[in-house]
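Two complexes are shown next, each including chain A; its partner changes from chain B in the first to chain C in the second.
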Partner chain A sequence: MMKIEAIIQPSRFESVKDALREIGIEGMTVTEVRGHGRQKGHTEVYRGREYTVDLLPKLKLEMVLPDPLVQRAVDTILKTAKTGKIGDGKIFLSRVEEAIRIRNEERGENAL
Partner chain B sequence: MKHLGWKCCLLMTMVLAAVPLLAQQPPSSAATGSPAAASSGIPTPASEVPKAVSEQLKQLDQRVTAAQSAGDNAWMLVSAALVLMMTGPGLALFYGGLVRRKNTLAIMMQSFLLMALISVIWALVGYSLCFGGSGPVIGGFEHAFLRGVGADPNPDYAGTIPQATFMIYQLMFAIITPALITGATAERMKFSGTVLFLTLWFLVVYAPLAHMVWGKGGFLNASLGGKFPTLDFAGGTVVHISSGVSALVCALYLGKRTGYPKQPMPPHSLVLSFIGACLLWVGWFGFNAGSALAANSLATSAFVATHFATAAAAMSWSIAEWIKNGRPSALGAISGAVAGLVAITPAAGFVGPMPALAIGFIAGFVCYWMVTKVKSIFGYDDALDAFGVHGAGGTIGALLTGVFAQQVINPIFGVGKPVGGMDGHWGQLGNQLVGVLIAWGFALIGTIVLLKITDMIAGVRVTETEEIEGLDITQHGEEAYNLES
Partner chain C sequence: MTTAAHPGLDPANRPEKIMQGSLTPLSVLGPQAEDERQRIRKKFEAGGSAQETLNALCELADRIALQIFGEVLRVHNAAPQGLGLVALGGYGRRLLFPYSDLDILFLFGNEKAETDFRPLIAEFSRTLWDLGFRVSSAGRTLEECKRIEEDNAEFHLALLDRRFLAGDEELFERLTKKVLLGPEKQARPFMLAEVTKLTRERHARYGNTIYHLEPNVKDAPGGLRDYQAAAWLRQIVNGQKEGLKNTAGEEELAANAVDFLSAIRCFLHYSNARNDNTLTYELQSAAAERSLGVFDGSARNVKRSPEEWMRLYFRQARVLNRLLLRYIEQRPAAQPSFRKRLLSVARGPRSEIGKGKPFAVRDGLLEVVDEPALSDRQVTFALFTEAARTGVPLSREAERAIAYILKHPELPQKNTQVNWATLREILSSDYPSMALRSMQRLSLLIDVLPEFKVIDSLVVRDFYHRYTVDEHSLRTIEHLQELAEPPDERAAHFRQLWKTVERRDLLILALLLHDVGKGMAVENHVTGSLEALESAATRLRLSEYETAEVHFLIEHHLDMSATVQRRDIFDPGTVSVFADTVATQERLQRLCLMTYADIHAVNPEALTPWKAEMLWQLFVATSNHFSRTLDRDRLHASDEVSLLEEVSRQAGGASKAEVERFLEGFPRRYRSVHTAAEITAHFLLYRKLGTEPVQTELSARHHSFSLTLLTADRPALFATISGVLAGWGMNIVKADAFANAAGVVLDTFQFIDLHHTLELNPSEIERFQKGLADVVNGKAPLEPLLKARESASRARPPKVAVETRLNYDDTSSAQSTLLEIMAQDRPGLLYDIGSALARLGCNIDVALIDTEGQKAIDVFYLTERGKKLSLPKQELLREVLQSMLT
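Right, the complex of A and B next:
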């Protein structure tokens, strides 16, 4: 079992979600986050006081998948989330120890 | 401050309308007035005809007075409501949106508190201190507990409306003036300290200033023969200079907010501020035009001047930002509007529409400069720019009133007497300066003394921990937004 953590541009989310659904992946957790890599922020001015806003809004998608599905999911995300500009985001993969469904306490890949 | 001309015209029209009524009497009556008719044999008691006419005239006069009073009273009651709306929710929203989220309720609570507290003090003793008596500096206690303040007009102030209307209208001014100061102390003043300080401030600073400029016998009173008649139609000195200068003193005494100026503290909701600013603009028609104390052409003149000054100031602040930053901001536009409203306050019932545009245009630039350049040069943390907008705007407005006031708008010194610079009476600028300096002086000294007293009794500044956690939680045990619930 692998966890895919994908931080993407909010404007790409609908396309990513639809593409993942098409390859059979429906379950995910989505969080609104702020952050930046090398992307510059913007400047706001309030009554003459300037603030540089470094933290930019992004969306973080998290999903835990059985190993056979992981590569296809990553390729799909890469294809649909990419705009080619700085600020597109990143994907992180990590191994997951265990998964448990709360409703009926199923374990392992059956719980995904 | 009232136009008498149209009242006489109306009375004359009524009298002329009464003439056809006399024609109802039999032809042999003295309506023709000729000796031939009188000697036709039918006796005409000479005393009855004049008495009937004078009776009718008396009744007509009463009806005219009642009609006028109804119009004036309706307008004044609406104006009082409009001015209260300026504090709640106008100012509460305007300030509320400008502070950080964790201090939203606290700043709103301070405005609301004053709506309650000042009202009670006013009813007990405040009105009397401001408008009772006839001393040069302060009123008296003759109207304490609102004794004698009822349906009968007080001809010294407003001869066509109940004195209770005048009293309740003036109360709304007394409420908003201390509320303005909370803009400078925002995000770091204790609630208990706020309550004590503003109570004392109302009694020691506001009441004398209100009496000196508007009260009978007040030595700055332009319409009741004060020694240095200061033209202040709706409160440039009494409201804006007093609160603005006091705000500066408070900001300096309290010190800067923790993290200021390095840490960004942008407004948490300019949407709230926008709504508040628009409510202030609309409400200000009650503040300025209502200060005519009647529903007459002077009220119209003040209404018009208020509106145009505000529009011009919003434009000039926006132009200044467009030039300086390359784009105008929403905060700048609404701040400009407020600056215009402040500056036209002393001038509203004395200047024409073109000078109003000029006053607004100037105020937008001056207040923009005060808030952006001057504040950063001196480094004081006037958190919501109470001094930059109200102190500076009120000062410039009061001085420009001396320049632009005209007798054709308001012959306040008597028919044919020049009023301001545009009438050639440049000495009025000197009187304006006296009023401005006295307002500055009272505010400066009064605030320093009262802050010290408040600090000794209740304390004025919250602890650093409380400040970082936020005033909503620490002073009021609440959160402004529980969006997850």
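Right, the complex of A and C next:
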């Protein structure tokens, strides 16, 4: 089992979600996050007042998947979240030791 | 049945040995109790009333409790002297819901009795529990009952419903007639305060509204707990001389509402097999299917959709909620009935209202001091307007007085038609919802805006919204109102917008109507809402401009949140497309506020700080787009076919070529900020330029004047006009300057008549216009005017110091250099800036003048001999302005 954490542009979320659903991935956790990597914030001026946008809004998707699905999921996210510009986001992969369903204590991939 | 609620009925668990030697062992009592419960349930499900069901359940509990108590005493060989069993709370009131707790107080004569009886009551409680009763018990000695436990008001409230059950009856008598007599009287203020406090906390947990999509019929506002709290208040207060009074009609309404809600609560308990009082979507359908709570024979047979049935629910909940809130507000006073007061006035000669208004503020609430005056609907609406203006809500008593008149058409009534001017005054106030809430409760909102009726208490099932459609709509308005004092950080950005937005009334009207389509049989609710607007606009006689603006907001009310969530708002392309849809700064401001409010009112968590931030980003980007690209696009009159036709028609058949010459080369913004009618008016002025080279038009607007001036371009024109206005003591708050291809300049100035010169002396208006034309034409000098003003106005130190800032932007416009100036606002400021610009040979292509409190925010699009300003010129200008403004 692997955990995928993908930080993406909010505007790409619907497409990414739909594409993942097409390959059979429906369950995920979505969090509204803010941050910046090399795409630094910028300054806007509104009515004479400077207004700094330090941290840009992004969405974080998290999902834990059985190994055979991981590569397809990563490919799908790459394909749908990419606009080719700075600020498209990142994908992090990490290994997951165990998953347990709280309701019936099922373990392993059955619990996903 | 073996459930968590009836744990003891599992045969494996029956502790029969404790009842050895008793007449009726658990193995017999258990099934007997269960059979009886089933019989009661069947009767209810066959259409029995809630009242019968609750009483039957209570009788069953009484019978079993008595029997067990007797047997436990016998087994322990004990006499009941010194121990009394007292039923409390709902059980005390003989209203026991199927899965409710059995509240029992063990009352001890003294501490020794408490020690002696402890094992006995443990056994008693356990046995009842094993028989499927959820016992919730408390033990107190008589002495302890004297003390007011300030952290346990719930116990004292439950004690108000006490009922003797079994044991030492004399103990109970002493409790009631001696022990509690003093303390209960003494504790009255405390208890009243506690009921109020507990109610406020409970209501706040449910967002202070009845209108939940899945309401809790016990605890939510309008739930059974409201009725109980009202009953407690009445009980506490009625110990005093002047009680809380209801009319017979009100009593009947409340009794019906209690029956209705009790039936639902029984149904929920039975359906969920536990004490769960949430009326979920599934159970709403099931309840509607069987017309639950409807006992009237013929009405019972009417098939109702879940939505219709829920409306019945909300109607009943409103009754209970209103009753409680009125009690909480009321300071009881012995008064003759409404009818007496009203009829006595109607019959006799009408007494004078008095010098003051027919209403007054008392304890932070608007009270009616002259009830008969309410028969004039204008007075009623003056009351609403007062609430909207001051933010002081109507008291429930005031609403009750209005409701009484409305419900009795035989009483004299006049001026029952409400026009747009009255409604507009309410909608453009600082606290519109203070009035709208009362109007909704009194059904006067749908009187004025019948389109609203289709969403009255309407449940639309989705898992995103939390409230009924009408509640959602009113909440949007409340969220805007709160912006005056932002409750949290996410609101802070939007505060300034709310303070400065123009025509709030149009925004509020759009919010009232934006979701009305959800109650109509249309595929897309926006279509329905627009239809509703059409009918409202016709009936209220909204102007073409007003209708168009509200139409825009309703039609696009989802666009901004869709752009925020589905487009890359940092892409200039996205901003440009969005800006094209919105077209003007004024619309952008209103749409942004509308979106903020609409998301916020979905549920308390819907507007995350993240979303608010995104919304603000899009607003800023679009707003900047407007002011920076303003001169990029110029009108090509020949492309504007419909506008040409319209203006030519409105101008009484002027030649299209002439109209085309006038329009050619104005910035596109000119088209966006003016309606066809306004453009026609400008065109008519333009035609008169041949006879008189300066044309002006002055009109009074909301608290300000608007000046339009047309003339051929000439040096220092903008500065000259600013100077004349300053000379007359006018404070310019907004200005626009446009020029067409033929060099005709159209300036509009919005200014405040600080000294009310024009307002109080209408004859001065003509002199003002003539003086202005003379100065612009060079027939009269400007200096004497300015000198006179200088000596007349004493300089006052500014309240807030604003630092002067000058910024150049050479990239945003292709032809001009943008100069952004932020400085301390003062009379004559614009004249000074304009003169400096003229002296240095800078031509103003476009001017955007705005004022925010004491801060002037001006943007000028400048050219020098048709080109951008050179760097040395920019530096020179900066120096000149900096020294002048600091």
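Keep in mind that, in the parts below, the second predicted complex is superposed on the first by the 104 of 112 C-alpha atoms of A that agree within 3 Å, B and C clash if a C-alpha of one lies under 4 Å from a C-alpha of the other, contacts with A are read in each partner's own complex, and residues count from 1 in each chain.
Just so we're on the same page, a residue touches a chain if its C-beta (ideal position, glycine included) is under 8 Å from a C-beta of that chain, and two chains touch if they have at least 3 such contacts.
Being a predicted model, the structure only gives us computed values, none of them experimental.
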Inset, instruction - Examine A:92 and indicate which partner it touches, taking first as chain B and second as chain C; both and neither are also allowed. - result: neither
Legend entry - First (chain B), second (chain C), both or neither touched by A:32: second
Legend entry - More chain A residues in contact [chain B versus chain C]: C
Inset, instruction - Considering only the touch criterion stated at the top, classify A:56 as touching first (chain B), second (chain C), both, or neither. - result: second
Inset, instruction - Using the superposition on A, tell me which residues of chain A are in contact with chain B and, in the other complex, with chain C. - result: 44-48, 51
Inset, instruction - Enumerate the contact residues on chain A facing chain B in the complex. - result: 44-49, 51
Legend entry - Complex contacts: residues of chain C adjacent to chain A: 564-570, 608, 610-611, 613-614, 617, 620-621, 623-624, 805, 807, 820, 822, 850, 852, 855, 857
Legend entry - Residue ranges of chain B in contact with chain A within the complex: 261, 264, 266-267, 321, 325, 329, 331-332, 335, 368, 371-373, 375-376, 385
Legend entry - For the chain A and chain C complex, residues of the former touching the latter: 9-11, 13-14, 32-34, 44-48, 51, 53, 56-57, 83, 87
